[in-house]
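Listed below are the structures to be examined.
Both complexes shown next keep chain A, but they swap its partner, so chain B is in the first and chain C is in the second.
So, the complex of A and B:
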């Protein structure tokens, strides 16, 4: 149902070898920087930069395309609906009954395209950021970056339980199906699924408590323990400078562009 | 769809989303005990997995949000729960956006807190029906989604007049979700009250 994000963590590339702490910080900086950008040409340039990062990381594009589908489905209404209006100003293009459909002009198409590209770019960057290290290593990196310990623990536990729960949910659905249950748009479906999920919760909750107490009785104190030790090499800093440099560059370019415009 | 993607909202809006989320997170994390972690993690994973359960409603497909359910079972800890669920959804499932995690947590988390207060008040009120938990669970579940959609609609409209049509579309697409969540949360609250009362946020 859901594949783990880190199934390509075993590959070898400069991004895989990059220190996870610097990797997470640099790429997050880049994502935020792109979101603050309102210039179509530079947004496209950022998307190309993201594609290059993905290419270097050697994560297959087919894997990413499957995930991009969801984002695209969300932003699609913006692309279709945004350039047109029934109440605002614009060029009349059609009458449907008593409603007049207006076209807002080429700027609104550009704005809609920019929204779509920004959304896709930010998602694409997630893959080189956390798809190139094992999840436990990334979580340890977050701990090293002094994220609140309770949040780190919740992340680590939740990540495990997502796969447990979705597997168990599939089992439960299969057993419902084998008894002749079909999902339909009616009250019976909702109530049956709700009760099935409620049972699942009670089971998972009891299991989670047992696991947690077993871990504590074996000395778990809330620290992430992996065999992985972090070391910073010059190459790590070089990568960080390149990625953060691009994040700064796009804003300098905007500033320079507007000055030139005056 | 209640989790908005990157690049749509005005910068100051998602920026203040982060500020509000950081403040509420700091407060709720202080209240959280280490022993809460197993319960929190299971419910958080559930909120995450719930977004994979799609219902075919008319021409579109909607998915569960479960923020009201988080409020009913976790109380104020629903806030960190929803924060982590959204972080996971963004990074593992590419649902929503990175810069908008803050504002999305506000959109879903604040209604979850309100639904907890409604549930708590409802249980105290004791209006004398046999299925108290089910009734107020349903109200809490429905209101949590309705408020989330309302917040989202307001944010879209503040961002720009050109988003009016999109907002209308988003609001209408969510009416079935509100109904489904209300029934779902009601059934679960009623079920847990009988089978495992300690999973509810209210001590009897």
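So, the complex of A and C:
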């Protein structure tokens, strides 16, 4: 049985074979580089680069698209609001009560599109970064990269217990269903599910206490260390140079305006 | 030097409820002891006191493990002396991979990498999970999880092993496997303290039984404790099914002075009886048979009803 989070971790691709530490560093560098970019053409180029990475990773686009739609819904308000709010005075196009709607020109639309593409590209890059190694390997890579141990522990416990809690919730839902409960769009459903979730919180708190006891029984002093062995190959460095090189290139391109004529 | 010495241990919950009341007992090194008692008797609370996780001002001097008092500030040093296996395996398996869970204790003990790896391998082999290092704990079956939880404690190679209901909620196969592992540990001379409601497993695992109901009600050899059925029934406990069966057989005239506690004991008893009776066992109904059976059955039936 494979967890949904690790569903494509077993595929074989250059991204899967890439050392997880360099993979995380390189792709995170690329994400930050894209976030700091304010050039629509280069942002589109970055998106194409991200699509190539996803293609190489062999993670199905349909899987990624299914998750990106929620991100798109989240950033959609930017696309609607930004053309009327950010740059310049604008042209009044409507007047609703005390609110005046000013269209701020094509630059505003471009700016909004750029924000949306940046968000989608960044999230898209998370998939080759996280989805091509098993989560436990990624967590160990983060530990090896000396990410604060508290954060590593939080990630490790989240990964370990999210399934336990989802199972508990599923059992709770079955218990409700077996006693005639049916999800409907009414207040009763909301109240019942809220109570079930509240119970789950209490249960998770109690379990956290028991887990803490178990950890202390096994000599826990505040730090979790695991055994792991990572080895770097020339191919790992080559991949890192390509991805980090692109992250640097898009900013150099902005500086020198090499794409002005395109 | 006793492995565990508990002297006048008292503990109250935050709401003032008495959990442990003047609990005293000693367990020698290499002894295997079962701790039984009804629900809410304070068994798990007692267990958590043994390595200092639960403690109070008065409790600190009440417990000595391997002749040293339990210092709540040095709980992280306790795994060298006593390893505790919790009832719920999901509480014990908190790392992303089983190998990490089994290595967790040895790493905390400051052992070097090779030693940690050896212990992980040995512990997993001992519980029949060799090669499971890279398995995700969530995907193990209930029986595997219980054995894995035991491995996470065995890897610390503590001198004493204390377990909270190790055979609870297991299917018969998993239960037998776990009992087999515990028997091996017993044969190796490990000091064992096993909390259990599984009275049928106790004769195989422990030569001594402590009955706890907030305080120690009885403490003695397994056979003596299970002979006192009235006391056990009174506080809501059971005796092994084999013992109950031979009590019924006695009503049919079966000659049995000492009731067997296990299948092995029953086979020995039957063999000896038949060898002494020309290869036969003579059972018959006499005028007290039915009243005797009713009395024996009512004892356990009443007990069940009383505690429903």
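The rule is simple: the second predicted complex is superposed on the first by the 198 of 262 C-alpha atoms of A that agree within 3 Å, B and C clash if a C-alpha of one lies under 4 Å from a C-alpha of the other, contacts with A are read in each partner's own complex, and residues count from 1 in each chain.
Going forward, contacts are C-beta pairs under 8 Å (C-beta built on N, C-alpha and C of every residue); 3 or more make two chains touch, one makes a residue touch a chain.
Computed from a predicted model, the values in this text were never measured in an experiment.
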Touched partner set for A:242, first chain B, second chain C, both or neither: neither
Chain B versus chain C as contact partner of A:123, first or second or both or neither: first
Partner chain(s) touched by A:170 [first = chain B, second = chain C, both, neither]: neither
Touching partner for A:68 - first (chain B), second (chain C), both, neither: first
Which superposed partner A:111 touches (first chain B, second chain C, both, neither): first
Contacts of A:211 with chain B and chain C, given as first, second, both or neither: both
First (chain B), second (chain C), both or neither touched by A:147: neither
Which superposed partner A:202 touches (first chain B, second chain C, both, neither): first
Which of chain B and chain C A:157 touches, first, second, both or neither: both
Greater residue coverage of chain A in the superposed arrangement, chain B or chain C: B
Common ground on chain A, meaning residues reached by chain C in one complex and by chain B in the other: 1, 157, 159-161, 164, 211
Sites on chain B touched by chain A in the complex: 1, 5-8, 11, 14, 25, 29, 32, 34, 37-46, 48-50, 52-53, 55-57, 80-81, 83-85, 87-88, 90-95, 97-99, 161-166, 169-170, 180, 183-184, 187-188, 191-192, 195-196, 199
Chain C contact footprint on chain A (complex, rising order): 1, 3, 135-136, 139, 156-157, 159-161, 163-164, 207, 210-211, 213-221, 224-227
Of chain C, residues touching chain A in the complex: 48, 51, 53, 75-79, 83-84, 86, 88, 90-97, 99-100, 103-105, 107-109, 113, 116-117, 120, 136-139, 152-153, 156
Of chain A, residues touching chain B in the complex: 1-2, 4-5, 28, 31-32, 35-36, 67-68, 70-71, 74-75, 77-78, 81-82, 84-88, 104, 108, 111, 114-115, 117-119, 122-123, 126, 130, 148, 150-151, 153-155, 157-162, 164-166, 169, 183, 185, 187, 190-191, 193-195, 197-202, 204-205, 208-209, 211-212, 222
